Amino acid sequence: MRYGYYPGCSLERSAAAYHQSAMAVVQTLGIDLVEIDDWNCCGATEYFSINLLPAYALVARNLALAQDQGISNQLVAPCSACFLNLTKTDRYMMESSKLAADVNEALAAGGLHYTPGTVRVRHLLEVIVNDVGYDAVAARVSKPLTGLRVAAYYGCLIVRPGYGGIFDDPEHPTALDKLMRVLGAEVVDFPLRAQCCGGHMTQISQEVAFEMIRRLLKNAADYEADVIVTVCPMCQLNLDAYQPNVNQFFGTDYTIPVLYFTQLMGLAFGASPIELGIGKEFVDARPALDKIGVALPLTEAPRRPERPKEALPMPRMEEE
Amino acid sequence: MNEERIGVYVCHCGSNIAGTVAVEEVAQWAAKLPNVVVSRDYKFMCSSLGQELVEKDIKELGLTRVVVAACSPHMHERTFRATCERAGLNPFLFEMANIRELDSWATDDRAAATQKAKAMVSAAVRRVVYHQPLQLLPVKINPNTLIVGGGVAGITAALEIANAGYHVYLVEREPSIGGHMAQLDKTFPTLDCSACILTPKMVDVAQNKNITLLSWSQVEAVEGYVGNFTVTVRKKARYVNEEKCTGCGICIEKCPKKVIDEVFEAGLGYRKAIYRPFPQAVPKYPVIDTSNCIFFQRGKCKACQMFCPTDAIDFEQQDQILKLEVGNIILAIGYDTFDPRRIPQYGYGRLANVFTSLEFERMVNAAGPTGGRIVLRDGVTTPKSVAIIHCVGSRDKNYNEHCSRICCMYSLKFSHLLHERLPDAQVYEFYIDIRATAKRYEEFYHRVLEEGTRFIRGRVAEVTDAARMPGEEGKLIVQYEDTLIGKQRRLPVDMVILSLGMEARRDSREVAQIFGLGCEYNGFFIERHPKLDPVNTMTEGIQIAGACQGPMAIPEAVAQGAAAAARVLSLISQGTVMMEPVRAHIDADKCSGCRICNNLCPYNAIVFHEDRKVSEVITALCQGCGACVAACPSAAITGAHFTDEQVMAQIEGMLWDVQPQFAMTSMETR
Amino acid sequence: MMAKKKPRFAMYWAASCGGCEISTLNIGDKILAVDEAFDIAFWPCVADFKVKDVERYPDGYIDLCLFNGAIRNSENEEMAHLLREKSKVLVAFGSCASEGCIPGLSNLTTAQATLRAVYLDNPSTDNPKKVLPQPFTKVPEGTIRIPEFYERVKSLDQVVPVDYVMPGCPPEAKQIAAVMDAVITGVALPPPGRTVIGAGNVAVCEECPRQKNVKQIKRFYRLHEITPDPEICLLEQGIVCMGIATRAGCGALCPRVNMRCEGCYGPLNGIEDQGANMVAAIASVIEEGSGPLAGVDEAELQRRIGEIMETLVDPAGTFYRFNMAHSLLMRARFKGDVV
Amino acid sequence: MTATAIAARAPTFLEEVIARTPGESHLERCIQCGTCGGSCPSGADMEHTPRGLFALINAGLRELVLRSNAPWYCVSCYYCTVRCPQQIHITDVMYTLKRMAIDEGYYTESTARDAPEFSKTFIDFVESNGRSFELGLATAYHLRHRPLNAVGMVPMAVGMLRRGRMDLVPTRIKGIKQLQAILKRAKELGGAK
Amino acid sequence: MNDSYEPVIVGFLCNWCSYRAADLAGTSRLHYAPNMRPIRVMCSARVEPQFVLKALREGADGVLIAGCHPGECHYVDGNIKALRRYELLKRMLRQLGIEEERVQLVWAAASEGNVLADAVNRMTEQLRRLGPLRWRETVLGGDAQPEERAGEMMAKEV
């Protein structure tokens, strides 16, 4: 099984662990993900707020590259926001010939053209669940996650609004639950499974964002989850990196690690935590992983040399 | 080309047509068309003076064809056909050009409208030349009637017809008649006890000599046409001999197998494997549910047989296939309630204390599973707060776009019943609009307001058990926007009731296919006219009544049942019915027996004679759609009043002004 | 020659393959009767005549003229006019003359494309200088004229009035014999005016011995894709047999040997357009595998139907194999075109 | 008929919003049921619920709408869109309102005026590098618009760096010139529809 | 028709749904392009492909066939038969050089006056853009019979 691969900006760095673990897992499953050469940012949730046609053109450049590089007519995106933007652009270009014409006129300035409908964009989870299948995944499990209480967290954009077709119920999805059960984990009921992680609200209104994160943490804690498992780098970032801030803000003391589903898959397949990028979380995953007998080395994963805290460098500013 | 003498009449319709179309000009222009001997315009052609004009011309000028350019043929085609007939001209030698609805009312552009009117008149003139005199077809009416569905609509219709002295076959799929109404506790707004008013009617059905009640039965096929239908009914095996059974109920008592009753008790209660849906069931005979019966599943038990005092249990019983001859059919197959599992955010099936409206009906019913006690799913706890959510599965393009019409009122009824039984409980009604539009409905709404129910305008976004704030723990939290204050809010309650909308029966499309009816996009049957002919269908001889036509409350269903019965009685009393002669006919000399047409007819009106190798249209069965006419590759099938040459001539006429490019070849075959 | 003046007979070959002539000679002994009964006035295939001879005849000199071949070039048209003038009874003989036949299929493309295909693009063509035939070519001796290649193929009746039509590609020898017999023995022909003679009035199915059942076509097959059951109607098996929409007269020759009827006898009386008629008939009996009321979504329905239709390769070329030049649309004529 | 010329009516605010939203937004169908307002995860903090905004749009209260913080508080979770009984593309409409607020300058008066700045900063990075750049984004945005808050964010940024989850310099794609040409062309072609 | 080109469409409307939809459009005074000339048939299944060709041949720029929505046909599934024929006809017309926009099949329920009106407007607009049916270039092919020459021959014949 060969697919084009669009990692998206997050997976380059802030969610490198997602990329790392995804690569390890797909290799085990016999999936070939070939990265699209020279892809660009999808614009996240920001570009559509500012200027519509450039926003579509930005996304469409990726579709055109995927189309032209001929890796596969299917393109896998592990990030839900990228997945949404790519499917949305393809869908709207298909529905509106005017939009398609305009976008293509813009693309022509870069010598590109995209025929809507050529590239089928898929989320990594959906590929694993539908193309590989639960049975094939089950066959690879060598170290089942027995005893680990998992809250399967989908977030929004993988299930809503379904520009790329309905993959799972937009209100009460279950695919990730099933996958986690296949890995041997105990999946807790998690009513807020498809609620929003706060998205970019962390940058706009922390109070609002923190409340949204709190709800999710509380719900997972209420059901005594050991770990929250996610399918999106934004969700992971918000729930993990902001967990201390949320605790501070509300006076709570949640310590629920947030891992990518590929990391748990990797563990179940017997991969080492390090090769899955475990150890990069803000909220320590070790207590949770202890339950399934996965020991993390005491030293953290190798990383860049640290800089003195006080010397936080300012990046070079662009002219405008 | 022929000797026909055509009269053309262009109607002003006051200013309705003349305001946009230059009618005088059209009339003068039409006078020059081939075969036209007189062409007039007149203020109101449909007035008696206008009609007299036509009659006079037919008689005095010897017209052999008439064209009236006026309104839609659906409006006045019959009028002018009658006009022709009065003057001694066969009514089918008339053609109408619709220059009002399709022309003057659809544009402001006078020049274009006039040009279009000319095209339509020209088309009618060319077409009418090829018209042939036709006769209406008389059909005898069999006085027996089939009624499908034993809910309140079907029961009403059956009693009306039976009481008029004619025989009725009442077919009901469930073991008992009664329908949804038998499940209800009280009926709004009068709060009559549903069983008290329905049961006597059910008993009347059982006792009426003119009614053959076929419960636990289904119609499998319908053949024939108005006046002469042959209906195949499968009478499923009950495994209880109706001749011997006294309905004592000992078998039910002794049956060891308890089953959740998904039908009558809406899943809230239990029944046995041999059962009667409810004590007052009509007929009184129980049925064995073989998929749950221990004997049928494992070959042992027979407790019912052992205890039956009249030896009525018969495990060997087989389904019976009955052939019924009837003249008319009334479909009253009712509705289904929306399945709320389709809206996961309301939590039905996941959250124990979310109930459906039908569950609540059974719960408040004194004869229901809780004996009328209102409790949570644990069967013990009394709720202190109840939220009733309106429009579940209704007014929602994701599910059903239509308003189900009854939910507002039964929700109000629930509020009232909750107040009556649990005076301490707080009741909330979440609504988009309160639709209380029939007699005494608005008054009932006011009464419920006065009783202290809190009305919150806002469609509920979700019901969850995920507590967010103190006070929410252990409750169901209803999240919504109170649209009257424009704020998002959350309300913790003990119980949620989902007011389910009405849907067409899940198998309504299959039923429609058996009976040759049309369904709307949402599965409800299409009536002949939504206002003027609501119980008739496009298929002659088949009426519809009750909620299979669209969402409606009991009084309307009863009225429709009676209306359908009146329709049937009127046909029976006429003895014969005259039918439009728009029918297909196969010229046996031209038919090559290729059998292309054989399975095209939705009414099975085409038969193939294996001996002569030709197909034939049974005129009485044909409805005149023309599908076979168009398909016949030998031009052996003609469709009366819509023949190839008529339509071809009409096309030529329509395009009289736009043939700039070619001349005709004189050598063409026609 | 006997004293009694024999009627005069002519037969001419325009854009055609020659099959009509062969079929005529195939009538066996009857050919002697023809020779006996007629004086041959013009029959280039059989005897040496020149156009000049015909031009010298007075109008109406020829009693019966069988004209085969379509009108493909200016010569064909000139001959059609000439023979019309000189003949009392003009018969459009065979499919080419009556409805354009195989040459008529070139109406699906342009004359330019046809010439290119023949003289330039054909793999077996050796034409290094890329010479195309020209109506006028200057040579030292003067200008050579060859007939002008028309843009569009027409049937005979599109250039001159025709009294009778004898369909078929070619007309069956026994049908020709029967007509000749009738003419010779003086049986009155039906009134003229493009009247069909020498054929039936019912479809080929009438003569076809195959078992016919109710039809439900799930996909179409071309002949090489399937081995048809020899007893059952070919159409039921998904083979686009034109017999249902084709005039009988041939004796269902093709279906009898497992070949689909290709429609050479043309449409039946009352049919304006054989192709459109086939569309109506065949499309009606496809089975897209969904109860029409099973609540199938409209787009899905259209997709399923489209899928089946895609298996019917080249509908225009199939349905109009013989009738293209005489199809309803092709019968359109520019104002001023001569009948 | 003698016709009096009536000047063509200017499009209403509702029509404008619909025209500027790609595809069929169906905004005109709103029945004011409040499903969107109830479903919105940040709805409790919005000055107007989506439903409320639509009522204001229908009433033509342009300034009120374009000054509202509501569109900027939209987190693109699409709950409203999938739940709307009238199948209105609410999230898309929110994006339209954001663009209109920027175009008409009203956003500066909004309590959420930082949000568009965040979006713009984000875009600046994308337009000059082809990829987003979290550290640059966070610092540039916070220093420009929330100097006080920037300090509060330091521990997290440091955490990100320490865990190797943030880069110190942006990645730039090879085809940046090509991308810039495309975006330039797209901007010239104009944004509407 | 000289100054500005206005296409003419022949519309085959089924008696039960689309003709009633057209009636309703009129009754509701929905103004739409007056370019469609209606012919009533009992069912869209009565519309023979021959009628379509005939209309084009007689000078129509386009043909609209309108029926009930699938599942709502008065004659159960006549519209499905129409759809099947349309799908095949469309493919054949494509080969004959007739643009797809010229022959269209739409569904309009009796209550959907607006749907029918929109369809007529849309089709009129498409045909305006397309221009008249180019007989010589597409259907009949090339320029075999230049008008002058035809005129000449006409004179000779007369």
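Points to keep in mind about this one:
Going by the order they are written in, the chains are A, B, C, D and E; count residues from 1 in each one.
Note that a residue touches a chain if its C-beta (ideal position, glycine included) is under 8 Å from a C-beta of that chain, and two chains touch if they have at least 3 such contacts.
All of these numbers come straight from a predicted model, not from anything done at the bench.
The minimum number of touch steps separating chain D from chain E is 2.
Looking at the partners of chain A and chain D together, the chains they share are B.
By the count of C-beta pairs in contact, the leading chain pair is A-D.
Rounded to a whole number, the gap between the C-alpha centres of chain A and chain B is 50 angstrom. With centres set at the average Cα position, the gap from chain A to chain E is 51 Å.
Multi-chain contact residues of chain D, defined as those touching 2 or more other chains: 79, 82. For chain E, residues touching at least two other chains, in rising order: 48, 50, 54, 57, 69, 71, 73, 76-77, 81, 85, 135.
Of all residues in chain C, those touching 2 or more other chains are 271-272, 277, 280, 284, 292-293, 295, 331-332, 334-337, listed in ascending order.
Of all possible chain pairings, those that touch are A-B, A-D, B-C, B-D, B-E, C-E.
Across the interface of their complex, chain D is touched by residues 9, 12-16, 38-41, 43-54, 56-58, 61, 84, 92, 95-96, 98-99, 102-103, 105-112, 156-157, 160-162, 170-171, 195-196, 198-201, 203-208, 211-212, 241-242, 244-245, 279-282, 300-301, 303-304, 306-307, 309, 312-318, 320 of chain A.
Residues 1, 6, 8, 10, 16, 19-20, 22-23, 25-27, 29-35, 37-43, 45-48, 50-51, 54-55, 57-60, 68-69, 71-78, 81, 85, 109, 111, 117, 135 of chain E are the ones touching chain B in the complex.
Those residues of chain E that touch chain C in the shared complex are 48-50, 52-54, 56-57, 69-71, 73, 76-77, 80-81, 83-85, 87-89, 91-92, 95-96, 107, 135-136, 139-145, 147, 150-151, 153-154, 157. Considering their complex, residues 343-345, 350, 462, 464-468 of chain B touch chain A. Interface residues of chain C, counted against chain B in their complex, comprise 157-158, 161-162, 193-194, 201-206, 212-216, 233, 235, 243-245, 248, 268-272, 277-278, 280-281, 284-285, 291-295, 331-337, 339.
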